[in-house]
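Here come two complexes built around chain A, the first alongside chain B, the second alongside chain C.
Take a look at the complex of A and B:
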């Protein structure tokens, strides 16, 4: 009895989140970090909203002189960037990070340290971004940062703040996306098959996957632009063979999915709230399918932002068709909610009110979206206030209202306090009415000739009346959000304590106490249906292996944080997975990256180099296996008790999946480079441009053959390792490393001996940058291989445990590098010779 | 206060209430948006000089027609769906707790099948209208080059260079070949048609046509920096004969000034360093940094349709254009008062 109590106390202690000032920086648990994401992004939301109010004051009448052009342009740039990058996505990611483990029945997200790293990069990125106000160099090129306006010489230091700050924010968003995907795929409670996942989980799974592709594209685009600005590459400079439309393609290839990255999780919230209030969900499968279709199709819509750039007619029609198709997917979700609510006599509490407000507002925004998909119509309203109206109907109606619904719905679980119903209703009606008063007249302003992003307009356009209405509305809208903020703070102090399941909902998060404990579930829950809280699970039906695993994890293990990993499809238990506890390493890694960005910002390249070294060192500490942890794990009997491995390998291992997602990101990044290469080539009259010599075919094929061939010894190493042949394993690994080093040496020689510089023209820039990217990839593969080599000398007998996993990941990464080498060789060396 | 468009050549039909039955119908439809009384007030409040809903050319007319179709379809959808939604939450069912009377079939029919039947025709509307709006045979070609924050306008066939004003013959499609000297701009005259971007390093083509004489205001629609808001321009549609007259008048060489003042003014153009940025034909001033001033005296506006062109505004603009259009790239000119007067007179004489 005593030992059980002792075990329980130790379990709670293991899961206790660090307290106090220093503890704040070592936090890795998803709940405090999810909250931080939400609070930080909501603060940015309020700042972005305040900027909007200032702009509305400037536009209240024609020829107004309240702000002047410079400040106005800065404000709309910062407003858009803040709302899109610093508020919408991080807020939803925060909500997802908080809720996912609770909803799927795991104890934390898949990579707790990565959660912290993502938060810190996001926070630091946001701070760098806003630091532009302190130095008086505020970005003013719009949230879309079209070149050449965002390039030199049209934009100065302020644009570097924008690019580098956002690069950090994007990294934060990207890792949170990976986190969400990996968690949903691997950490679901036993029995929660894909078809039993809550719809919110479906939605954020889709959004997470989209983030991986879309954010990587944006990250690469911002890197290319920053290189143009900082080191004089010519990707976007039309005078040296670059192409300004390349930026627009890359930006909107991110930018359109971005809208759905925001919208899909919002629909997930709506599905949950609707189901809770209607006490059922109709069309679950159709909704899930609609989510998947939307995610796919959203990557085929980007050109509808470019109808006026002078593209070929055929491509415009293709994108018009895709744009109309995505409306069908949204329509499906819409009618599923109507069918769900039909005759259910829901209680009109605040979460439902926001959902109903969402339905009306988003419907209108969706319909104007259908309108602008019609090509000639878009020619007229593109870049006018009609679009301003449309996008706010879609983003405020389609995302902010659902977020508010989600806050009123889930805050009781997060804070343990109910929000006030009366204040909530006031807030809703103010926001709903204020929203429509603000944005509805903007449709008309667009028709009457008011372009976007103008700080003023002549009286003769006859727009004063509508602008006055919109400005009045914007203050009503702001008041609505203010009421929520007040309500929130009152509830923290005096709110009614929340019950476990105040709304009578169906999903797992409502089965734990409010506020939710940091370990979420004392024992992994059992899931046998889509509505685990409505249909009491029947333990009789549980298979013995699952029962054993769940029982073994009841309040255990006590020595370290752990959760169950399960099969991607069937959610059958596969392993016990140790989760990282509090550590400062992610903070240091994020700090290093920030120093790197600040170094580039100021042109202090030694500082940048120092930041890089610091980041690499932090990553080294992060990734190098901790002997103490390994010992604790090896001494633990949790694996035997659960009947599951504690050291999982291959597809059972979250680490292996982490490596896969990293490679997906890298592949996307290289894809962006290849796309840029061929896009610029497509519009070049001669290739290579500027009569530069064709790439030589003497030495390069040999060097690239060595790189591609280095995959072979890695393969031998894996085989020998499994056979237990230590010396052969080591020799093979050494051979691969040697070939990799030879390639790097050759690459440096090759780039140094080229008779042109990367600043010469776009071709030269592409050649250098793609080569250098491959070089960086090899330089990353080398330490991974070296690490395997060093550990192999001692751990070669660990053929089923940690070393096996390390070998798998090493091989995976090395094979990827070899494959990328082959493609780069084709793109850079072979394809220019083919006419 | 800016009555640029109210020039003699620009007798535009008023778009107020009661002008034409069509206009009434459309104003009425527009009023449907807001509370009718308010909209009636607003709709009749004054003339709108840049409205896409008052088309004056075939492209704008086609697009306006597309809009009214879209408006009708989408309004119907909106009303039906909102009614369904209200019915859904207000009707008391008394049904089984976990089952809705509506199932997947309802969702498939109303969420997939019906939308497809509504959207497919819209796609054909898009396809049809787009191909209808392909560039027709044109007789006049105008080159437009976007600058921060003004428009260079060149008639390659006539050897005319001007700025911020396109003179076109009524009833004839005009071909536009457009590019940018700096950042992306976008050409947009709502009453004549849609918009097309001006991209540096790329030439885009577009066409406009006005079906009635008048002055149509346009402005840059792609954010292009500090004074994006005041990068306007005017399209002056002239009857074919008047257009021919306009062309031949522009082609005439300027008569050598005989008046002392004008000669002094021309001198001031050079001593004041105006020629460092501006060109005037046949004077040796050929710079292309700022607008060509060969025909400045006949232009309707200054500062890219920012203020009407008259002697007072021109002199004020030369002395210091910054208060009129803050952030524009023209610096103040430091001239003696009488030099300034002479220069203004000289420039006003350049027809």
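Take a look at the complex of A and C:
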């Protein structure tokens, strides 16, 4: 074996996924984890579907008692929650995690360990959620969990299962969102400018960004509700100054974008399938525009779920206008797809059949969406089956049909086997007919007054026939999906081996073998067009620096996993980026978090504390740089050969971007708290409520000034570091740490000396929780600063790049903490004196 | 090959970003502020204060609409201008600059339209909440 063969063998060994039972738990590669997300979510989909069938059996005739009201409420809650939280988003995230590196020409996602952490929290969250069946405490307050129904007086342990299980799922979803965004922005192949990204990538980039804002809002809302239930805060209790509509605002600020978080990736699938079958795409820029507009506008539509809550008419009409205008963006995509297919003579294979089914079904769902955006119409049908029909036309038509199209389209790449065309056609027609037979009659049921979320209906309504038809349809629909499952398993065993590019598509994933290898690309591909497989790249036109970098990474490095990072806009190579290999740490971190949630669930607070400690320890191991890795990196010549740095800093570094996204999440979380504060404030006749004293202005300004001022030494530290003044850097870091500690000591004293408890009223709850949130932020900034301090003391010359990055991230986090300190001081201490 | 960039003197990055995001930011500001003014202005009794027969709430929303519409239209014009200049110098149509300019003018035009449509309801509530 010569040295080239040896190098290749080592490269393959480095990228080999761990095998066997223990290896399954240490996997961090995007491909197996993407598959796990999809398989797990599809299993939840089947369970959620089975619940739907049971509900349809209950509703098959009037005044039926097959399930009874209690079980029906549980099933419609679990069905909705399962489909929205455990199936739709995780499935699309799994597909995105699998496909993104393949489509953009990267070897893995930006943060492989985070992918694993996301999967484990999602899985454990789902299991906690379904464990409610085992203890006979099944959530029954709907997938929207409106208070007061979900509050302590009306819901017991079952609601804690819902809140804590979903909190874990939300964390999983959130980290997957960050992963997708960072990967798309930083790991695109050389030459893949924004204008050359596949439309699926545009769609999941938008969805990933939306997840970051929407899921954080939901996570905060669920935490506030759980606090109301577990420790007696009063955010949503009107008797103590809270507001039940606050929950609806927060929930729908997540809930409406959620629909588009599901819908946008689905449209990305449609764009890819349509382009592959029509051999072109019409209106690329218009589709990208529609994706961006939809992503933005979806955050401005939440109030249209609240038309019947008594909001001022004027406010509702602004949202009605915005709701109508989102149809402009959706319509643009729709016409672009039709124009693409028009006159293209495509082959009507199964993926395209599902896309055509989507076009028909989603058109109807979109039209009824325009109808319910009109306030008076919504008032008439809001609590009827018309809405059930509308939302299923949007979600099954807008998401599940494209997902099925995506599965038939990409499974050959994922499994290496073609699915059976004849079974696929059977499955499609059964699903399409079954779907319409199930849900179309529901429009009429709604018009005739059949209320939704109710376990039965009186015979006098005359709706037995419609319900019988819908129930029959639901079983035909289920049969359609069952045919797919059978087709899938048959294809795994006996399917025709798939060619590399069975559909003659244009995007990079079809350039690698089927199934794709774990390293995805042996050498980073070169992109010179929007359709890299239809237009062969011309090496003559390649920039020499890019050619050098690509050549250096051909089957290399062999010692560790690595890929190229590129510029966000131009995709010019910026650095060689080391990717993490297999490890159990993400599993342990997720386990710790699950133990924490279970501790809260059972009221075993010592267990919860243990879970917290375990999670913190796992995160410590995760984040603390491994000496052996650092040595391997120092000894590697890959950077030299590629002409690129191995330790990138600032905007060139994926770690820096990771820190930025973390801060965006934290800023959103604080934004939710501030919104809650002012929402409750504006409805209160007296502030602070319950004649509580105004916050004092003697010591707090000094304490907050110290916190805000602690950013200054950090600034000095970064300047000293760049000038190579080690002792000044250490002294400045120490000063910031000291000021942070002083603030924490004061905050503990401040909260301990308050004359009221957080349970007294909503104002008190807000004061305590916002203060504590800031305290937690400072407590997170302190170890980050302490790590920088300790590592700086042991600084070696050859670690300069690494330390520079650590200083940048420390400064970023600390500046953010100081800024939050200033805002919290304004909100809690100054604003009550002013307004 | 890396897509060619237009000369800095022709299209400034700030113009491209303003063109791309100006309309969207103006729309966010319009919807959020109109919501806050409508929701809490009515609650606080601003609907009782009138000038030329129009309530303080309606005035505030009209002014807000004009300001945000001007910003969105300015972003549209800026992006359209940048696109024109890029076309003139023959910049690569798949370069990031070209995409930003092209997306920017379409996006900002759509957001201008949305702001205009969102302003319509206030004309039905000039004298009351």
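As a working rule, the second predicted complex is superposed on the first by the 829 of 835 C-alpha atoms of A that agree within 3 Å, B and C clash if a C-alpha of one lies under 4 Å from a C-alpha of the other, contacts with A are read in each partner's own complex, and residues count from 1 in each chain.
By our rule, contacts are C-beta pairs under 8 Å (C-beta built on N, C-alpha and C of every residue); 3 or more make two chains touch, one makes a residue touch a chain.
Not measured: the values here are computed from a predicted model.
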Which superposed partner A:196 touches (first chain B, second chain C, both, neither): second
A:230 touches, of chain B and chain C: first, second, both or neither? neither
Chain B versus chain C as contact partner of A:373, first or second or both or neither: first
Contacts of A:313 with chain B and chain C, given as first, second, both or neither: both
Contacts of A:282 with chain B and chain C, given as first, second, both or neither: first
In the superposition, chain B vs chain C on chain A residues touched: B
Partner chain(s) touched by A:71 [first = chain B, second = chain C, both, neither]: neither
Partner chain in contact with A:300 - chain B first, chain C second, else both or neither: second
Partner chain in contact with A:243 - chain B first, chain C second, else both or neither: first
Chain B versus chain C as contact partner of A:340, first or second or both or neither: first
Touching both chain C and chain B, counted on chain A across the two superposed complexes: 285-286, 313, 317, 320-321, 324-325, 328
Complex contact set, residues of chain A against chain B: 63, 68-70, 73, 140, 142, 146, 148-149, 154, 238-239, 242-245, 278-280, 282-283, 285-286, 308-310, 313, 316-317, 320-321, 324-325, 327-328, 331-336, 338-346, 348, 352, 356, 359-360, 363-364, 367-368, 370-371, 373-384, 440-441, 443-444, 446-462, 465-466, 469, 534
Touching residues on chain B, where the partner in the complex is chain A: 1-5, 30, 33-34, 41-42, 45-53, 59-60, 62-63, 66-67, 70, 74, 77-78, 81-82, 84-85, 87-89, 91-95, 97-104, 106-108, 110-112, 115-116, 119-120, 122-123, 125-127, 129-131, 133-134, 182-184, 186, 188, 190, 193-197, 199-202, 204-206, 217, 219-230, 232, 326-327
Chain A residues touching chain C - in the complex, by the definition given at the top: 190-191, 193-196, 285-286, 288-289, 292-293, 296-297, 299-300, 303, 311-315, 317-322, 324-325, 328-329, 526, 528-530, 537-538, 541-543, 546, 569-572, 682-683
Chain C residues within the chain A interface of the complex: 1-3, 5, 24, 27-28, 31-32, 34-35, 38-40, 42-43, 57, 93-96, 98-100, 102-103, 106-107, 110-111, 113-114, 117-118, 120-122, 124-125, 129
